[in-house]
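Take a look at the structures listed below.
Heads up, the next two complexes both have subunit A, just with different partners, subunit B and then subunit C.
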Partner chain A sequence: MTKIDEAPAINTRQLCFLLAFLFPVARFLEAPRLFAVAAKGDLLVSALVASLVEILPVAAFLFISSKTDKTLFQLVEAAFGKWVARIFSLILCAYFLFAAVPPLFDAEKFSYAAFFDTAPTVFSFAPFFIFSAFLCTKNVKAIGRSADLCLFLFLFPFLGLIVMSVGESDFSSLLPIFSQPFTHSLQGVVSTKAHFSCGALLLPLLGRYRYEKGAVKKVSIAYGASVLFTLLFLAVFYGIYTTLAAREHYAFAKIAQYFPALTVVGRWDMLLVYLLTVVYAFYVCLPLQLAVDCFCQGTLLQQKTLFSALLNLAAFLFVLFLNQHYDAVYGLFTSTLSPVFFLFSDLLPLFLPLLLLHKRVKAGAR
Partner chain B sequence: MKKLIDKIKAFFCDDNAKAKNAVRYFLILVAGLLFLFFSNDFDLVNVQQTAIVMAIGIDQETQDFSVTAQIAVPDAAGAQGESGTKTVNVVTQGKTVAQALDKINEKTGWYPKLVFCKLIVLGESIAQKNVFDGLEYFLRDEYISDNCLLSTCEGKAEELLSTKTPIDSSGALAIEKVLSSHAERVGTCMPNTLRTFAASYFGEARCGFLPVVKAEPLAKKEQEGGQGQQEKGQGQGGGQKGGKQGESQGGKGCESGGEGEEKVFSAGETALFKDGKKVGTLDKQETFCYALIKNKLRLAAYSLPYDDDTYTMSIKRTTPKVKLSIGEDSQLQVSIAITAGVADVSKAQGEEDTADAGDFPHEVLAVAERRLTEEIHALFEKCQALDFDLFDAIDKLQKYENEHFADKKDTLLEELKVSVEVKVGGVR
Partner chain C sequence: MSITPHIFIKNIRAYFCVSIAHTTCVKKLSKKLQNNLQSLKAALPAEDILSYEFFSKDGVGAAIVYADGMVNKGLIGDLVIRPIASLNLKKQAENSQKDEENNQNDGDRYEVNADLLQKSLLFPEVKEAEKIEDMTKEILDGNALLLVDGIEKGIVVGTKMLPVRAISEPPADVAVKGPREGFVEDFKTNATLVRKRLKSPALRMDVMRVGRRSDTTIALCYLDGICDNRLKDALQKKLQSIDVDVLPDSSYVTALIAPRKHSLFRSVGTTEKPDVFAAKLAEGRVGILVDGSPIALTLPFTLTEDFQSSEDYFVSPFMATLFRVLRLVAVMIALFLPAVYVTTQLFKMQLLPLGLMLTIAKSAREIPFSPSMETFFVLLLFETLKEASIRMPKYVGMSLSVVGALVLGEAAVSAGFLSTPTIIIVALSGICLYTVPNFVETGSVLRWLYLIVAGSLGPFGLTLAGALTLYYLISADSFGMPPLAPFSPLVAHDLKDAVAKYGIRDLDTRPKIYRSKNKTRLRTQGGNRDEN
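Coming up: the complex of A and B.
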């Protein structure tokens, strides 16, 4: 029987790679457009605020990891009992399923637009779910390994795409800074919350991350790099599209197409886009992986393979039937339902350290 | 049955059985995918049923849009026994551009593929209305690159794309050559792309420019000499056979065909658009001046008369700067530093003058500076009269003088003064 892996599985290097290379990719597809819609030329201000908000759950995660080796399930169980812990795990599972929707929709529409010359069939995206189903059967070590892979899969294509597109970018388009009311920048933070919600994705890694001395410094550098990558990408994106930015979908597949040499040698920038898409695929799988993990913890069922297969079949059918209502569903997630992301990715991690004050949790602390 | 259930149960629940079956499971999966791929069940579009659209022409003489799609047809044996590419122009009408493009499939059975479309030509009729009525589709569509060249023409875009030319088997490719980045660098035209034109349309000034592509008789082109000559009243005469019948053929047939006159293309003039409508045109000399301000030119030729001779300068490098200063008298400061060498003189010079590639006489440089200054002044006044922001003054007001933006944006163009400083330095 498959046992849920509760042993520490992710080290500081892998956590840093997750933050620096995996999470930024989530912000390269639709988030630039959403920022431009809300904040126009002030999209960097908006992105900076969103990144600063996200520091808090990362800091809370590190703080808890430095104090205890308990997993999230064990922490809640110690504080509130077994049944509350199970219900909490199932609620988290539901949240991860919810959080998986925007990246799944993005990935599907993006693959149709970027990798096909004409309208593909609705089944063209189906093989992704085979990959996802496979990844969902793996334990959290797979997340760490994905992070390791992302070092090369992210850095080389990202820098390549930036170098190819920076010449076409007019950075003066970002001027003047603070030209828009600050409320517009805040609106950008709200509408992109689905893309800046890595705080919640770290929660199931509690107790599975091996805290080391000096980790705070390393993680801070990694997070700083992540913010830098995001801001650089947004600056280049807005410099290229300026007044059109609010209507430009799938930013990272497009920005390099204006590189002069491509008219002679063809769209080899797509090779870089493919590599970055692999990183994005890991990102899209992550909430599904965590949902399976939380479900198995909550129900104490050990059949990860079965649940993974069922979940991905359901996700496939969901995308298949609801992609016709893309705008409505996506609009719902980026406006009305964005408080859910705030609740789980920001507020919940911020309140979790309070559990450490509980006497039963204290007893098991480092 | 029980055995089968046990096996399934073991597959999902038993680690050892799962590991044992994993390889089989993936082999079956790979075999299935290969079968789907080779049986074309991935439903990739068949190349035989795909129309590779190389260029689009849009006219709007009535309420309906008339779309001309120049489609490349693989030609195994060309008219002269060579392999090559034949082009076919398919003309369709629709209430929208998308509807007209869909009719290509109705008419020909080809599925139009726009990913290779590198040129959009707007006819005169649509240029008088809002061109974005026709361009909106291309901005929405994810399968066409917004990096495609955009131009306008005199007369109908359909006729321009049907023009026979000896330059290339495809009219679209011949036009693309005229609108190349090299032509932009030497200042002979001001090409623009869909993206940059649309970005300026959606900007504060809502002003943009497009090159005007003209088809000119080959013989006239050869006779043409000197710089600054304007060709006026060039119609889109012959060589447009078949447009009215819905289809016309170019390509190899052009080279051997006797029907229609062969023509060459030029794009020396620039059309000015405000709110998507054409409001004026810059002639060749004005276009060159604009290129001097807007771009960094390399190896551009500029001829000027001096002392009964004509000197042609080869401009090696230009450094343009445009600065807006807002005060009681708002002023636009245009400064251009040019380094140029002698390319040619209409009269043969002595050995002393031509030794070591020759220096420009100081007086000629002064004449060049004066002439260019006057021409830029005239260009500014022309655009001011058209209420057209050619020098991006409103854009600069928004970016660098934002505190005055709300007050000045509506009146800036009217009250703006210009100071022009052109410095020409001679180099060998």
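Coming up: the complex of A and C.
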């Protein structure tokens, strides 16, 4: 079997912080607008449904972790053999590259909107790939530690932004609840699936996370906090922009600008936004990091540095060439290609517990 | 593989060379004083190695060999030469020989008893040495060697008196409250300063010699039963494996044991204060004292240590927390202010309020440089002035500060080369960095990097550079310790003494990150409110 980090790299606290502080940031950029487009005033209902759907793969992850210490690849290898496991890792690698596209596009457009008053070129975003290439060379332990750091990098700026923007928000615009047909809310779930797909991101952490007693309770609380942050942000967002919300790209960088004190002291809220951008940068790199990890598993190559450099170069070229077709590509990922996200982030984790029934997997179970 | 005659001869030569070298090293003394003196002179031909020959009362020859300037000659005269000169060594020897049944007299020579001789010396620090190699080491270390005719051993007398600087307050770690003693360059003084604070048998100092030419004394200090043994053993191995010509300072040890060759961040803690050193040992860390260096090393190291001062533990916890927050903010200002100033003007003017932006624009209107070039020049000027004022003689340095700060700065603004806000920004950044003296080296380099990134890539590049620094720190473990601990990985217990500083009563257990076996450090519970 492939040489991988045998020691548990992530503990329950770090898993909780990943869920509570890292993943929600992905939902602050374009997801609010997509919800508003589909569900309008019912965007909270839509977000709640999306979050409830996402609970299932998290629960499956915890269930498998409680039963076995095997990694995903060891599980597949035990059930289907070495070659299937390798092919599976390469497929998963391809999925992570695919899943990295929407956050990459979000990050690119967001960086232009929030960081430049001038007219930036696509090369202004190029440093991101250097950053990402560096992160991709690091192991899973670093992901856990970055989650620890996200506690501080997420919580203070997020609360700061909410405090500065909540006064400008008119929450009555969210009423009445269920004013839209439920199918619209479901449409919101489909179009934002790329932003609610943490189930797949957890899969490579199997076997690197050691299940502890009481983990279910802690993870439930963390996931609850994650949902709360998302709903709070969406409520404030819609409360500020109401009917204009469907047109507000990257409102995350703008919601606090109406805070009265800022008119005197300048856009200091942007410093909070920049801090949250650090968390977002960690998030965008996560699928790329996992893609490198899966690739190394599948090919038995240990040259992480080389592959991460090549992968990020390819990602940069992808962004460079498709930059002009942003709307078309983004539209594709949020509509036609949504089932791919469902398949890998929801269905795959839900079917994985079935592997535990296999006699060879059973033999190695806890 | 066949051995050619050439290789064979070479091997034979090598064998004999090694044998000869070995013989020289383990060569022992004879019973004749003059032969012994010659052997020692051959081993130590340097001109500053002196010998003084004298006789006992009954004419037995003796000599003291020492390195000039490293021994206390008064002590040697009073406590070594004078007692021996008044002894009848021959008679003493004959008496002891009568007592011994298996006495084997070497012809007509008497056998002076080394034990009796040692007891006759009025000196507590005395030991025997048999090999020439050991004797030369002791002499070079500053001790005197007593040789007596008829004894085939040398007697090492601990009369070392090296030139030592007086104990004073370290200039880079001044405290308004708390102890003011600082380490000096002498190892023994430093060891005493530590022992004075930790009068416990658990305090261990594993002494070793490092440096082929300098033969520097290094001590690995730890509290047995409190420090992490795995770390201690790993460090011991690392120190023993150091093979270097000369070890002039503890910074060499830092560089030689650091797990990363090219890291911008420190991986070993340093202190010049024995109270801080003792406190760190008591927390479960391991310390290293290096002879010739006033800077002691402590491991493992976390970045938060840089933001802590010894004074934090002698003022109220509220003040200490305030100071730490202040230092953290100051360092952030020092690192990012010039970069943010540049990037704001070039890429994101929205960050500044309109009034301030207009003021900056007004003063920068006629400056012939771009904001990034201008800030770059001012920072360069600042660093140059700083470097020059440190290296220059004190009085010239003072006038240089006046020239630099007033004349050059004022003239540059008047001439329209530089704008006043830029000078203010860089000066503020420079001052802020000095709130954390241990971070100055790293901070200066980071400030340059951030400035270049901000000027070329804008605020997004700057944010990524900050994120990259953080991620690097997340994964740059040294001796099993992540530099960002206890924040990442998060150790909630240790946050009590990280940025926030709790009261002493709340710090009743040792920090968890040091994996100490003995967890409790405070048993006094007390402190209840008045009964009334």
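Here is the rule we go by: the second predicted complex is superposed on the first by the 361 of 366 C-alpha atoms of A that agree within 3 Å, B and C clash if a C-alpha of one lies under 4 Å from a C-alpha of the other, contacts with A are read in each partner's own complex, and residues count from 1 in each chain.
Here is the rule we go by: a residue touches a chain if its C-beta (ideal position, glycine included) is under 8 Å from a C-beta of that chain, and two chains touch if they have at least 3 such contacts.
None of these values were measured; they are calculated from a predicted model.
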(Q) Quick check for you: in the superposed arrangement, does A:Pro120 touch first (subunit B), second (subunit C), both or neither? (A) both
(Q) On the A-aligned overlay, A:Arg210 touches which partner chain: subunit B = first, subunit C = second, or both, or neither? (A) neither
Q.
One more residue to check, A:Lys218. First (subunit B), second (subunit C), both or neither?
A. neither
Q. In the superposed arrangement, which partner chain does A:His249 touch: subunit B (first), subunit C (second), both, or neither?
A. first
(Q) I'd like to know which partner A:Gly144 touches here: subunit B for first, subunit C for second, both or neither. (A) second
Q: Identify the partner contact of A:Leu175: answer first if only subunit B is touched, second if only subunit C is, both if each is, neither if none is.
A: first
Q: Give one of first, second, both or neither to describe whether A:Leu306 is in contact with subunit B, with subunit C, with both, or with none.
A: first
Q | subunit B versus subunit C as contact partner of A:Arg86, first or second or both or neither | A | neither
Q.
Going by the contact definition given at the top, which residues of subunit A touch subunit B in one complex and subunit C in the other?
A. 116-118, 120, 124, 127, 130
Q) Within the complex, which stretch of subunit B touches subunit A? A) 11-15, 18, 29, 33, 42-43, 45, 50, 111, 113, 115, 139-140, 142-143, 145-147, 181, 195, 198-200, 202-203, 398-400, 402
Q: Report the residues of subunit A in contact with subunit C in the complex, numbered from low to high.
A: 13-14, 17, 111, 115-118, 120, 124-125, 127-128, 130-131, 134-135, 138-139, 141-142, 144-146, 148-149, 151-152, 263-268, 270-271, 274, 277-278, 281-282
**Q.** Partner subunit B, residues of subunit A touching it in the complex
**A.** 1-2, 113, 116-121, 123-124, 127, 130, 172-173, 175-176, 179, 240-244, 247, 249-250, 257-258, 260, 302-303, 305-306, 309
Q: Can you check the complex and tell me which residues of subunit C touch subunit A?
A: 346-353, 356-357, 453, 457-461, 463-464, 466-468, 470-472, 474-475, 482, 484, 487-490
